[in-house]
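The structures come next, written out as structure tokens.
Each of the next two complexes has chain A plus one more chain, namely chain B in the first and chain C in the second.
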Partner chain A sequence: MVKLTIDGREFQAEEGKTILDVAQGNNIYIPTLCYHESVAPYGACRLCMVEITNKRGKKKLVTSCLYPVEEGLDVKTDTPRVVSVRRMVMEFLLARCPDSEVLRKLGDKLGVEKVRFSQEEDKNKCILCGLCARACDEVVGASAISLVNRGVDRQMATPFFDASATCIACGSCAFVCPTGAIKCEDIGDTRKLTMPNITQEFRLAKCKACGAYWAPERQVDFFVKKSGLTREEYELCPDCR
Partner chain B sequence: METQTVYIPKLMPKEEFFMPGHRACIGCGEALALRLVCKALGSNVIVVNATGCMEIVSSQMPYTSWAVPWIHTLFENTAAVASGIEAGIKSLNSKSKKSLEGVKVVAVAGDGATADIGIQALSGALERGHDFLYICLDNEAYMNTGIQRSSATPFGAHTTTSPAGKVSMGQFTWKKNLPAIVAAHNVPYVATACPSYFKDMMTKLQKAASIKGPTYVHILSVCPTGWRCATDITVKIGRLAVQTGMFPIYEIENGKYKLNMDIPQLRPVNEYLKLQGRFRHLSDDMIKKIQERVTEDYARLKERAA
Partner chain C sequence: MNTSEPKLDNEQIKTMINAILDKYRREEGMLVSVLHEIQGEYHYLPRPALEEVSRGLKIPLTRVYSVATFFKVFSLKPRGRHLIQVCLGTACHVRGGARVRDTIERDLAIKSGETTPDFTFSLESVNCVGACALGPIVLVDGQYNGQMTIEKVDSVLKKYA
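Up next is the complex of A and B:
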């Protein structure tokens, strides 16, 4: 166990935990977009910036989602420096995705009054945090989407901007997306997955007994492959099994 | 039907705030619901818990299952205590800078404490517009004291105070439409949910907690002890309640109805009734009567949501 101070309050934390873990566990507010407890931290959105003072008295800004706790660490989450950096980051994000309601709400909360930068014309809501790609890889194990290219050309996309062969249409990416850039809806017998670069449609499997559509066909195939059972085992929906 | 049930659970919050070791019966749907409620709302809450099953099982002296601030209230004053706490938080916040900012007051009560005994306090709190979330865990009778009927007990159900026999045919009135009563107060958000559809329920709770003002979530929780059903089919019965139309799940946002579960064809109510001992005595006539009423109610709800 190590001892640290956050905003003047003393905490004990297990070694290996991050500042964000400790703060969130004690209801100290730190804004985040790209963080999710089920996937490894990544530090893409830069909103969780905090100011730390280490033992030698040196002050610096760090991303709290990646910084592990240390003995004697003094963390401040609301100094003028932290507030101004967060506002700046928020302005950049808002300049990129002016349409996102989540971002605008968060901007209001952080005190962003005006975005000083020219706003992007291309109206997609992706902030390139990569949470969808990480969830797809770490939680689902499909690795169907990823961040491609570098610098200003960086985008969230399926391989070669084409319909993905490995996507199982589970909808996890849409569920974790912090800004609502990915959408997943079921219309009749198809599932429509709308991503910034591509819209894909998937067929849903029909339950043999009740006739309800219960999961995407691709996902059932994925189950069959993973479990080693036959396709017949998956003919019924969970309600009819 | 919920079609995203495999990977979404892995992306749900992991920390528990309603701890194991409590004394709920085997297969309790209410404990399941409450656990998911606590998960969805996180630790930044103050829970006001009316007398009832969940209060009794979770707080046997000297133990507690609650990992969040929790207060036990009487049947009749849950909403009143919640509004008092909310007023206290407001006062503290105005005196010292953001000392209790973002703390949500959550009232948790059973159907008896909501529909019968506590409705006056609830109505008052809704009318005054306090910023709190009221959760009704509806197991359709006073289960904690030994299965007495409440106004949320469905028509025909056997309870100890509406017994089935030669003279009586079980509960003689229809289930009180509590969400509609709450919605009539013009509150910003009212929803019904069932823990069998956890994703739907948890998103509704998070939505309700994020809205400022009084919000209400009505959760059907299956009670194998009182409903006289097998303990291993709690989740299945919850699903059937939704799919037969006995307990449709919908939300009312600023007076606008929205059905959350698209059920093209309602299952016959008999599928739901036959699994439960409390409906064992029902004759074909009564089942037909229930079916007619359920179909009619569902059609009306669909019309409102259209």
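Up next is the complex of A and C:
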């Protein structure tokens, strides 16, 4: 256990926890976009910046989602420096994705009045935080998408920008995406997954009893493979089971 | 279209890739070295090769593709048999590197980043290759040609064409 203070309040925390873990566990607000509790932190969005003073009295800005707690750490989540740097980050994100409703709301909340940078034309809402790809890899285990290329060409995409052979159409990527860049909708017997670089359609499996389309065929295949059960075990939707 | 684009035989690729993977003991950590070797073989990274690497190393294709597209040395487009790299680093730039590049572009009728239709040359620009005193530098297949001038372009390219 280590002792640290956040905004003047004292906390005890287990070693290995991050500043963000402690703050969230104690209702201290730190804005985040690329963080999700089920996925390893990555530090891509830079929105969760806080100011720390370490034992030697040195002040610096760190990403709270990655910074592990230390004995005697003094964390401030609300200093003028933190506020201004967050606004700056927010402005960059908004310049990149002016169409994202979520980002605009967050911008308002953080006090961004106007974006001083020229705004991106193509209406893509992806901030390249890679949360979708990390969830797909770490949680689902499908690894269907990733960040590709480098620098200004960086994009979220499937390999070769082609239909993915490993995607099971579970929609986890759309679920975790913090900006609404990925859409997942079911239309009749088809699931449509719309990503910045590709739109894919998948067949849905029909429940034998009630006839409802309940999961993508590929996801059912995936269940079968994972669980070692037979395909017959998955003929019914969860409601009819 | 390009008639002399290198024809690839999937079986041949498979054998080749697996030999390379064996050489690196199929270690995931050797991915970059493996890709280097493949590029040495084909001058670029053919898609079936990357797919075979993913299978052979038991890592997702997404990871292979991310790494392959991250590094500038790797090309996913077919490249020529000879790679011309014109240095446009600060020193070479002030000594007229850009003019040398323009000349090569005109002579080969391609732009930087492109490949000649007969797949003899690919052209690209790089930023400082560590021989500033000899600038402007033009590398062909890693061979340094120092103090390049527009007049020398022709004779340098002749050696390879």
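Convention: the second predicted complex is superposed on the first by the 241 of 241 C-alpha atoms of A that agree within 3 Å, B and C clash if a C-alpha of one lies under 4 Å from a C-alpha of the other, contacts with A are read in each partner's own complex, and residues count from 1 in each chain.
To be clear about the criterion, contacts are C-beta pairs under 8 Å (C-beta built on N, C-alpha and C of every residue); 3 or more make two chains touch, one makes a residue touch a chain.
Everything numeric here is computed off the predicted structure, so don't read it as measured data.
Using the contact criterion defined above for the overlaid structures, shared-chain residue A:Thr179 touches neither chain B nor chain C, since it reaches no partner. When the two complexes are overlaid on their common chain A, residue A:Thr18 makes contact with neither chain B nor chain C. After overlaying the two complexes on the shared chain, residue contacts for A:Ala135 are found with chain B alone; chain C is out of touch.
Of the two partner chains placed around the shared chain by superposition, chain B is the only one that A:Glu37 touches, whereas chain C remains out of contact.
When both complexes are overlaid on chain A, the residue A:Ser100 reaches neither chain B nor chain C. Contacts of A:Ser64 after superposition on the shared chain: neither chain B nor chain C is touched.
In the superposition on chain A, none of the residues of chain A is touched both by chain B in one structure and by chain C in the other. Residues 1, 3-8, 10-11, 13-15, 43-44, 101-102, 236, 239-240, 243, 264-265, 267 of chain B touch chain A in their complex. Taken together, the chain A residues at the contact with chain C in this complex read 133, 137, 143-150, 158-160, 165-166. Put simply, chain C touches chain A in their complex at residues 47, 50, 60-66, 69-72. Residue ranges on chain A touching chain B, taken from their complex, read 25, 27, 29, 36-38, 135, 139-140, 170-172, 175-176, 184, 186, 191, 204, 210-216, 219, 223, 237-239.
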